[in-house]
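Before anything else, here is the set of structures, which you'll find just below.
Here chain A shows up in two complexes: once beside chain B, once beside chain C.
Moving on, here comes the complex of A and B:
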């Protein structure tokens, strides 16, 4: 590691391969080694096992013996022939679109609002958003659980008082739509701070002169937004959208705990819950592995754009 | 005219503030209310007769302290390991050009995008094989799978933010690269290290699914799992105690978020937004 400043400066000039140069060139690899080794062990090996498991009959008995039995593509066949899988996939896609659309849409509006308010209001609102951001999902679930309690939850009370109709003892867990709607509210509430604050940070990078110039040219504010602002913040927008898709598609904690185990059934499964129930609860790990792979494949397709963008960022320094 | 607009926007922003913060306000408010106020059909906004009885109930709930201790152990070990290892990798990715650098960056990004739910099955099976189920070390291993790549990526962003001139100036002064690193780079990157470790702390503290799957023994659970089962133990949920327990669970991440407040927008998107 101890390389003199002399050699360091000489590095740019092409010199024959010397011992010092070899040592110096190997430094980044030594620095990376620990992370690569650890990730290989704790992530690489499980991913390898995931692929292997998906071709195996692997249940509780096999778990105890630590040995599965090769059955070819049977797990995939069984999953793909399961109507619950297809219904769950469709429900999860719709759920994801709704959640991502609401999160990014409202987040964008919030960020635009941020630009237009007085500093003290902005500081206050930021503090509030950060407070929401800090909430652990399990805590957020318990709060929403309590607020929507049919008997003495504050939501029913407030809606009735505000004359939105009679919500006395209204059961928010009454239908699948209502359940997933509530989960959506919970997720959007929890995700808004990150999205809004990040988008505001991006918006403040947009040069004011550009917007003013466009306004002087007579462009309407909506056109200024779409023709000037959006192209500049597009990278951030793209990243946030991709990340939201990934998170919402694989979400587990919020729907599982808010809907509650007794009310979870194939009719309201989301992908994460389907995987949990089929693979872990029923201890059919082979089939669970097949579901995981199909799920990862869907996520991979949805996030191609994100990876390409991040690679570009990695390049530019 | 402009002034009128501004106050209109301000009012709207304040309304949004109220809506966003209300659930948290409601949690804390409920936690301090007397039993009859909590069950009342006409809720009171603030506790009329504040009491800390529910916090006492929550603390004395079985396994609270044990599970807090478990959470702290898991989180601290995860943070220390991931910070130490990822700092080296972040330096390599931010300060050196070498063959395979791009592949490494792709790998780090790719791993971060794996949905956690997709990994529960293989991690469970592999950890069961090595007797890591129902022990804290198994959970630490699973937390490292997301904490490590996250720390590498975020720290890399912080290190990139350090001007190269400073580092070079130190080297011209005759110090070695290691000397330059210790004297110049480390103090500059220290705030980044603090922020990154706090983010890692919060993500690990808040995590639920891996802890839920890997730890079955009540005495070995984390505090989020403890909280998720809190209502299930009684016939009728004691919402006031549940809200007190929720408040207690939320305090550590909340305190840490306050510390890194200013860096949040930068920290989580470091590297992502730049460039």
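Moving on, here comes the complex of A and C:
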């Protein structure tokens, strides 16, 4: 009671507003203003333009004249009636699940390995991972291209020498599955360093006492991992998975360059490539804008579903 | 706190200043400069001709510098689109002859009809190339050069196989393949004729040779024609020839690896491609490299080859059309075209034609449908995908051709 009376008094004492006070109170907002302006300029305006573009007929003809024609929802209608869109969406969802699953799974195993190994091995391994991380995607694509070259690639040579069969002139770009498999290998390889090092950092936050206590209670290591370790590192896991979904769903550079323009056709599109082909190559910018908004919606649905599921799992415990 | 306010304000002012100076710098750079976009072919093949044209231009227009920027075939159109939208584009642009129609239809280029007679040799321009720069009766593109496709072969392999001279019919060439394969059997993966699986330029030559075509117009609509009887006969002949001739993978394309690389590594008895392929057959085989015209299935005739080529155009966004046209005149002058001819290209005018293998091959040629959306068929890899399916044996020729043909019909008839 007394405390609450005290607070009330303190609050009422503050009430009279002097000019100086208003100015002081508004300082935080003034400080925020530049950020808001900059964000509005570099994020808000482009998004506004994108949405506007998606309602317009805007092709090469309109591009040259800088003026589109409003056609309502026709772009969205034409995309949603395009069977290629639905096939691509399904292919991309499966591709994303495979890539994110492999990235997080292998990243987790690497992080767990980090905890167990001696310092100098860890330093060596970390250095290796950072080197992978430092490699620009375009360079990595070129190296993968060389390694899988049907004529002179080291992969075919090594597989043949190791008696896995005759891989002379085996074409790794021969089927969609093989193409996307190679892209998956490249993406997971490139994403592992960030995921593994971040997860290792998270693992080091797990108190040893909790693990020891669980072990004393007779829990096996798998049980300890899922019931003690995972709940503690869940926030990090959540962020890493969400980010990976975002990156892998919209990935463009690696598949476009690795598969190569001459081999890209509607039968192996991923969403990023579909957007590029429809929007830029066919110069139908309005339709491209509609596709990117639909992509945004799909990523949002996937992420929200995932985050909710993770939070629900947290509630039960 | 005041310090932070000051810092934020300073940052805002700096950003504003940076933005203002950036745009000012952009405007300043445009004055007194002519920007030219040429494809990398000129950079690697004939930089001397570019330099000569620039020199001539600068003599006539002192004070105007020429900035030649070399572009790649893969992304130059996307860069051009961005320039059309945002400004800062070229004053002269080289366009592939299959790329012209879409841009002419959209009004991307300045109308050069009134200047046509002032371009060197314009009354004798190669008909096929001039057509690619013409839309609705107006001239938008100036023919730059053309190229036909020929067979580049190793005379030592031919000799070893006991074959005398160039084949005069497709049938004879096919019979020779076995002996050629035997002559090269010492090399693993040796192709008597290296042909990339999805080399649609060569595959379509068979289609046109057998009387087929890619598409035709009927009642103002495009109709895909690869599923016609003649086209299927051509595609089947291609499939049979490829299977006997080439060890390339069915999905390979003619850019990666470059056929002349395979040739220079000893992996091929012959290759198909532009006449200038003779440039790069490698030191080891330089002395035994020769060329002939791909024979038709009709004995004694040439197989119709794809007439590739480039035009030069002035984008509508250029504010210096007259200057740009003057540079084009310098670059397509008779001496410049003769220089291109000496490098193994076909010059842009009939009055300059000689009797090289390249020029003889151009006697029968085919060209892509002159449709606004043709370039979408090309970039959508419809033909490549069809060829890969045929060569992998996943679909019959008729099945693959019919699906590709439907696809082409729908793409070409887009509004």
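To be clear about the criterion, the second predicted complex is superposed on the first by the 290 of 317 C-alpha atoms of A that agree within 3 Å, B and C clash if a C-alpha of one lies under 4 Å from a C-alpha of the other, contacts with A are read in each partner's own complex, and residues count from 1 in each chain.
Basically, a residue touches a chain if its C-beta (ideal position, glycine included) is under 8 Å from a C-beta of that chain, and two chains touch if they have at least 3 such contacts.
Treat the numbers as computed from the prediction; the structure is a model and nothing was measured.
J.: Applying the touch criterion given at the start, work out whether A:94 contacts chain B, chain C, both or neither, answering first, second, both or neither.
T.: After superposing on A, A:94 lies clear of both chain B and chain C.
J.: Now for A:304: first (chain B), second (chain C), both, or neither, which partner does it touch?
T.: Touch status of A:304: no partner.
J.: State whether A:249 touches chain B only (first), chain C only (second), both chains, or neither.
T.: Touch status of A:249: first partner only.
J.: Mind working out whether A:230 is in touch with chain B, chain C, both or neither, as first, second, both or neither?
T.: neither
J.: Look at A:128 in the shared chain and tell me whether it touches chain B only, chain C only, both, or neither; answer first, second, both or neither.
T.: Only chain B is touched by A:128; chain C is not.
J.: Could you look at A:213 and tell me whether it touches chain B, chain C, both or neither (first, second, both, neither)?
T.: In the superposed model, A:213 contacts neither chain B nor chain C.
J.: Should A:27 be classified as contacting the first partner (chain B), the second (chain C), both, or neither?
T.: both
J.: Going by the touch definition up top, name the partner, chain B or chain C, that contacts more of chain A.
T.: After superposition, B is the partner touching more of chain A.
J.: One more residue to check, A:58. First (chain B), second (chain C), both or neither?
T.: In the superposed model, A:58 contacts chain B only, not chain C.
J.: So, A:267: does it touch chain B (first), chain C (second), both, or neither?
T.: Only chain C; A:267 stays clear of chain B.
J.: Using the superposition on A, tell me which residues of chain A are in contact with chain B and, in the other complex, with chain C.
T.: After superposing on chain A, chain A residues 27, 31, 34, 38, 63, 66, 149, 151, 280 contact both chain B and chain C.
J.: Within their complex, state which residues of chain A touch chain B.
T.: 1-5, 8-9, 25, 27-29, 31-32, 34-36, 38-39, 42-43, 45-47, 49-50, 53, 58, 63, 66, 110, 113-114, 116-118, 121-122, 124-125, 127-147, 149, 151-152, 154, 157, 189, 192-194, 197-198, 200-202, 235-236, 239, 246-247, 249-253, 257, 271-272, 275-276, 279-280, 285, 288-289, 292, 295-296, 299, 303, 306-307, 310-317
J.: Which of the residues in chain C end up touching chain A in this complex?
T.: Spelled out, the residues of chain C in touch with chain A are 1, 4-5, 8, 11-12, 15, 74, 77-78, 81, 84-85, 102-103, 105-108, 188-189, 198, 247, 249-253, 255-257, 262, 267, 316-317, 376, 379-382, 384-385, 392.
J.: Once bound in the complex, which stretches of chain B touch chain A?
T.: For chain B paired with chain A, touching residues are 5-6, 9-10, 12-14, 16-17, 20-21, 23-24, 26-27, 30, 38-43, 85-86, 88-89, 91-93, 96, 98, 101-102, 104-107, 109-111, 113-126, 128-129, 141-142, 144-145, 148-149, 152, 160, 171-172, 174-178, 202, 205-206, 208-209, 213, 224, 227-228, 230-231, 239, 242-243, 245-246, 249-250, 253-254, 256-258, 261, 264-266, 268-269, 271-275.
J.: Across the complex, what residues on chain A touch chain C?
T.: So the residues of chain A touching chain C come out as 27, 30-31, 34, 37-38, 59-61, 63-66, 149-151, 168-169, 171, 173-174, 260-267, 277, 280-283.
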